[in-house]
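The following pair of complexes shares a single chain, subunit A, combined with subunit B in the former and subunit C in the latter.
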Partner chain A sequence: MNPTAPAPLRARRRRDQRRRPVFAIAVTVVFFVLLYLPIAMVVLFSFNAQKSLTVFKGFSLRWYEAFFHDNVLLGSLGMSLEVSLVAMVGSVVLGVALALGLVRNKGRLGTYAGLIMMVPLITPEIVTGVASLLLFKGLGITLNSGTVMIAEITFSISYVTVILRSRVAALNPEVEEAAMDLGATRWQALRLVTLPALLPAILASAVLIFALVFDDFVLAYFTTGVDPQPLAVRIYSAIRFGVEPTINAVGTMMLAGSITLIGLALAIPRLFGRRGGLDLISGE
Partner chain B sequence: MTPTTATTTTAASATDPTVPAVRLDHVSKEFNGSHAVRDLDLDIAPGEFFSLLGPSGCGKTTTLRMIGGFADPTDGAVLLSGEDVTALPPNKRNVNTVFQSYALFDHLSVADNIGFGLKRKGVPKPEIRERVGAMIDLVQLGGMAERKPRTLSGGQRQRVALARALVNRPAVLLLDEPLAALDLKLRRQMQVELKQIQREVGITFVFVTHDQDEALTMSDRVAVMNGGRVEQCGTPEDVYERPESRFVAAFMGTSNLVSGVYRDGAVRIEGGPSLPVGPRPGIGEGSVVDLSIRPEKIWLSDFEPGMPVVNGVIRETVYSGPTTTYLIELAPGVTVAALEQNTARARMEDRWEGGETVELGYDPDHCLVLGH
Partner chain C sequence: MALRTPVRTDGPSDSRTVRRDRRPRPSAAGARIWTWLTLPGTVWMSVFFIASLLLVAAISFGTTDELGDPRFGTNLGNLKALADPAYRDVMLRSLGYALLTSVICLLIAYPVAYAVALHAGRFKNALIAAIVVPFFANYLVRMYGWSVLLSDDGPVLRMLRAVGLAGAHTKILNTGFGVIAGLVYGFVVFMIIPLYAAMERMDTSLIEAGRDLYGGPLRTFLFVTVPATRQGAGAGVVLVFLPAMGDFVSAQFMGGPNQIMIGNLIQDKFFEGQDWPLGSALTMALMAVLLIAMFGYLRRARKDEAEATR
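Right after this comes the complex of A and B.
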């Protein structure tokens, strides 16, 4: 049931059913409360004037201040940004290439590659994490930000490919032929015509990957070295020795950042004035 | 299927009018074992408006794509102005294509779309601007230069696609059903315009269409294709008035097909009249034939002296404004259509009702006799 349906629709529904769907509304409310209450608590207590995590004693920005004076946390933030950026670029480049290959290779190879591509999406992340750790250890590779990047790229390619594949399939093959007809080589046609046409979807998937990787804990936990650690891992380590309200401030900022990025990913296609990016909501 | 060795041809001057702009030399194309095009031989003269006409799946688009370099012939050679280009990619051929979907670059403005090919060739910027401007005027898109293709109407997008190809001054312009997506009125208008533009720029046009009216209106010559082969190639008048096969007769507008036995210069319909068609060399006495005649070649009044006249019964009258079509039964189960013009000179008393017996006259020269 949709409580925000336009007025005429709501009126008609009331006439049809003679009573409001009380039970459905109640379930919806409980669902959203359970979903967002913990997050709301984190946001609220990040502004607490006191150290208490249970009693709110007035508004203050002291925990935000504390964060920006904590060199370990700042180091972690820097590393997380770096890892997210590299993973974003790496997985977008590989994911777009894979999407192009999968759509254009109609043979058996393309079909199987398309199925294998989906495996990381359904594999429990912890399995991927442990597997990555074992692989790096087995090869004698020292864990550091590089290993986190490799693991995150591996994990993210599938997302990019899933988003891009339908867009690539929707491209008119004649457009690339037209570019070649007008004197472009195959590579120029890709660069000058195909990639610009895919740009909204590419940007949207890039933003999504950045947000996913920045927030990621499981993979990062298994593949990171000791110092610095990605922010999510750092927060987890800190909590084990007693919760500082600084964590609330960090959490609130990560939340704000993620919401901004996801909002951006949804807005990009609209900014380009055409359908072309994510359709997370409509599910088209 | 005749396998052919690739012909080695000395490159001739592109301006030589005796060298065909396009030559298809025993070209075949197979897809997964089935032939899309079979052993095709075609010469298209410089400056000609040449149409490939046929139903969908007849191989006309595949033929066009082989000229453009988007499909590789399985056999045979493609020559442009005498030069063998069979192995060259599209960007190395002096041809340009107007695609059925227009295939415009949506992220570029109209001017950048049109200038795309010139920019690829490294033409200096001032010259690009000048040539793009002239082309925008030619296709009547003044004031649209900075618009994005998506903001244009279908007809305007079609003009952009045409300008984008023409601006490169190709030796041959390939058009793949460029008018198919337009509504009827706009299509008629674009047919006239396209023909005018072709005369103005003097470029060889190879035009693919499934619309026989379009092919007849616009072309210098038409190749009617069926099942990957050219059934007949000639002027619009040739293929319409003198079809050489049952397929061409049927495909080029409505045609009456009547079966009978050929004897003594006439086709005898079972249980009906004998239709004199004159001597037909090549048709055996007593053989079963199809007689084909177009509805507008049948006279219902004002017969000329010496014209064969037979009787029939009007079964149906279909009035459609400028013309009326009568369905006339010659023998049980054998019906022909006759088309009458409703001009000012047509007399009211020459209109018939169902059930009336009428006389049909025709010129034996307009009859096509096809052996089985």
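Right after this comes the complex of A and C.
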């Protein structure tokens, strides 16, 4: 507060600061309650001793046990992990290269690449799903985990590129040039100077993509074969055609997993001593 | 050591050339590396994304053979079928649901973003993280929890009945309101984030000025805060509208057969009905609506920007 401000103004400022927007705060409180209640319900009923999905009858781990004895679900978990891992590596490699190329490539190719990488971001997933399904069928490719991986990579490249592009643009190109003046080749400058500077953003986007792909349902649903199916697709069928409480246990574990990963993605830039993990998400 | 022997990348020029003159004109070979980096991703996206979208467009003119497999063709029947009242109504309903969802998200997100951005003090970052993190939890699981919460004998309706706000037969699930509630729950974060960013950027002395000019809290909010954050709101509307329009999970989990959306039709044509050409035509219609929305938004945003810089 400015001590030289005239007394009445100071009093007014103090009053303004104390004045809380009661309505906005009330809405926010209700919002938070409704945001977390559904998640809390899933977690709570995953520990239910009874089969009921509405009445809680004591604590038990039986649904977790049931999951770890269900070979179909375990197979789906394995497939989801495999797909997420491959999609993460593939989309990060392609996406980082694309981000570097885009920022530095002012030619016609750069313009075209910049344009087409924006399209997936405004395309609803169901459209991407339909399009991928048609393409695979058209090329005569049998649907299996490989087709899910290809579709997920296609969907994820744009995210990696968007996250990385602003970071690349923020780099000072003179540092790279200085490395080259000191005798490094383009490639060496890229590998020894640029990529290390981008490492936090690369790691954060990798974790983010892993979480997004692992949780993704729509694309997986359109591009998976019959057996095995990704975990999210199994969950969908389970919810649609009669819910077993096992689903609550699977859901709880998936929640724990994705919340850990997102926490990690937000924390990584901070671990490297940079501010603003959140702008990863708001895309700024 | 490799670093000491510079590899001349700019052609057979005189090796005595002073290194400094490399800087003003980037060499052709040096620039080529950026092309090589751009190419793999661009080719991948062109094949697996752009080409596949064009395939959807082509198949929407196609027919099915006896086995139900799609065949290319020049058949306008699928596009004509879109005007069929059965499909038209579903498309209009989807449009209505998506628009209502955007409006409700705006009404929720404004107070929340306002409270968090301007009145949360040092808890600001923690609160915004607390809003964002659940949205990375599995969409199906969240939607399932939401449908349990809003079910006929779920906690929300039981509470509303207890305080007399709901009758014995009031339902949320299997109504249009249920589907919209699902869409709002699914996508409201996409409204909060851009609004929050806009409020953070906003010059708060504007609000003080509004108060100094004897504007009440509501008037100041409507005539100062809202116009100052209009761009964030516009971005949020687009970010909510796009996924809401294409969603089919909410209508399935929260609605009944009378609340299906265009996404459900597409899913049905591809998985149950085996009419891929018609499914493709529906997909194209969906894409067309979204492109129009996007185009309108971009034009508006550009106009706003031009006005702001004038």
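Methods note: the second predicted complex is superposed on the first by the 251 of 284 C-alpha atoms of A that agree within 3 Å, B and C clash if a C-alpha of one lies under 4 Å from a C-alpha of the other, contacts with A are read in each partner's own complex, and residues count from 1 in each chain.
Note that in this section contacts are C-beta pairs under 8 Å (C-beta built on N, C-alpha and C of every residue); 3 or more make two chains touch, one makes a residue touch a chain.
This one's a predicted model, so the numbers in the text were calculated from it and none came from an experiment.
A.B. asks: Should A:M180 be classified as contacting the first partner (subunit B), the second (subunit C), both, or neither?
C.D. replies: Both subunit B and subunit C are touched by A:M180.
A.B. asks: After the superposition on A, what does A:N172 contact: first (subunit B), second (subunit C), both or neither?
C.D. replies: first
A.B. asks: Looking at A:Y112, would you say it contacts subunit B, subunit C, both, or neither? Reply first, second, both or neither.
C.D. replies: Only subunit C; A:Y112 stays clear of subunit B.
A.B. asks: Could you say whether A:V193 touches subunit B, subunit C, both of them, or neither, answering first, second, both or neither?
C.D. replies: It touches subunit B, and subunit C stays clear.
A.B. asks: Specify the partner with more touching residues on subunit A, choosing between subunit B and subunit C.
C.D. replies: Counting contacted residues of subunit A, the larger count belongs to C.
A.B. asks: Look at A:R20 in the shared chain and tell me whether it touches subunit B only, subunit C only, both, or neither; answer first, second, both or neither.
C.D. replies: So A:R20 only meets subunit C here.
A.B. asks: If we overlay the two complexes on their shared chain A, which of subunit B and subunit C does A:V226 touch? Say first, second, both or neither.
C.D. replies: The answer is neither, since A:V226 touches no partner chain.
A.B. asks: Which parts of subunit A are touched by subunit B and by subunit C alike?
C.D. replies: 177, 180-185, 188
A.B. asks: Inside the complex, what are the residues of subunit A that reach subunit C?
C.D. replies: So the residues of subunit A touching subunit C come out as 16, 19-21, 23-25, 27-28, 31-32, 34-42, 45, 53-54, 94-95, 97-98, 100-102, 104-105, 107, 109-110, 112-113, 116-117, 119-120, 122-128, 130-135, 137-138, 150-151, 153-154, 157-158, 161, 177, 180-188, 190, 211-212, 215, 217-218, 222, 232, 235-236, 239-240, 243, 247, 251, 254-255, 258-259, 261-263, 266, 278, 281-282, 284.
A.B. asks: Mind pulling up the subunit B residues that touch subunit A in the complex?
C.D. replies: 68, 70, 89-91, 95-97, 99-101, 103-107, 116-117, 120-121, 150, 164-165, 168
A.B. asks: Name, in rising order, each residue of subunit C that touches subunit A in their complex.
C.D. replies: It is residues 2-7, 9, 19-20, 22-23, 30-31, 33-42, 44-46, 48-53, 55-56, 59, 70, 108, 110-112, 114-116, 118-119, 125, 128-134, 136-142, 144-146, 148-149, 151, 153-155, 185, 193-194, 196-197, 208, 211, 217, 242-243, 245-249, 252-253, 263, 266-267, 270, 276, 279-280, 283, 286-287, 290, 294 of subunit C that touch subunit A.
A.B. asks: Note which residues of subunit A are touching subunit B in the complex, please.
C.D. replies: Per the stated touch rule, the residues are 172, 174-175, 177-185, 188, 192-193, 196-197, 199, 274.
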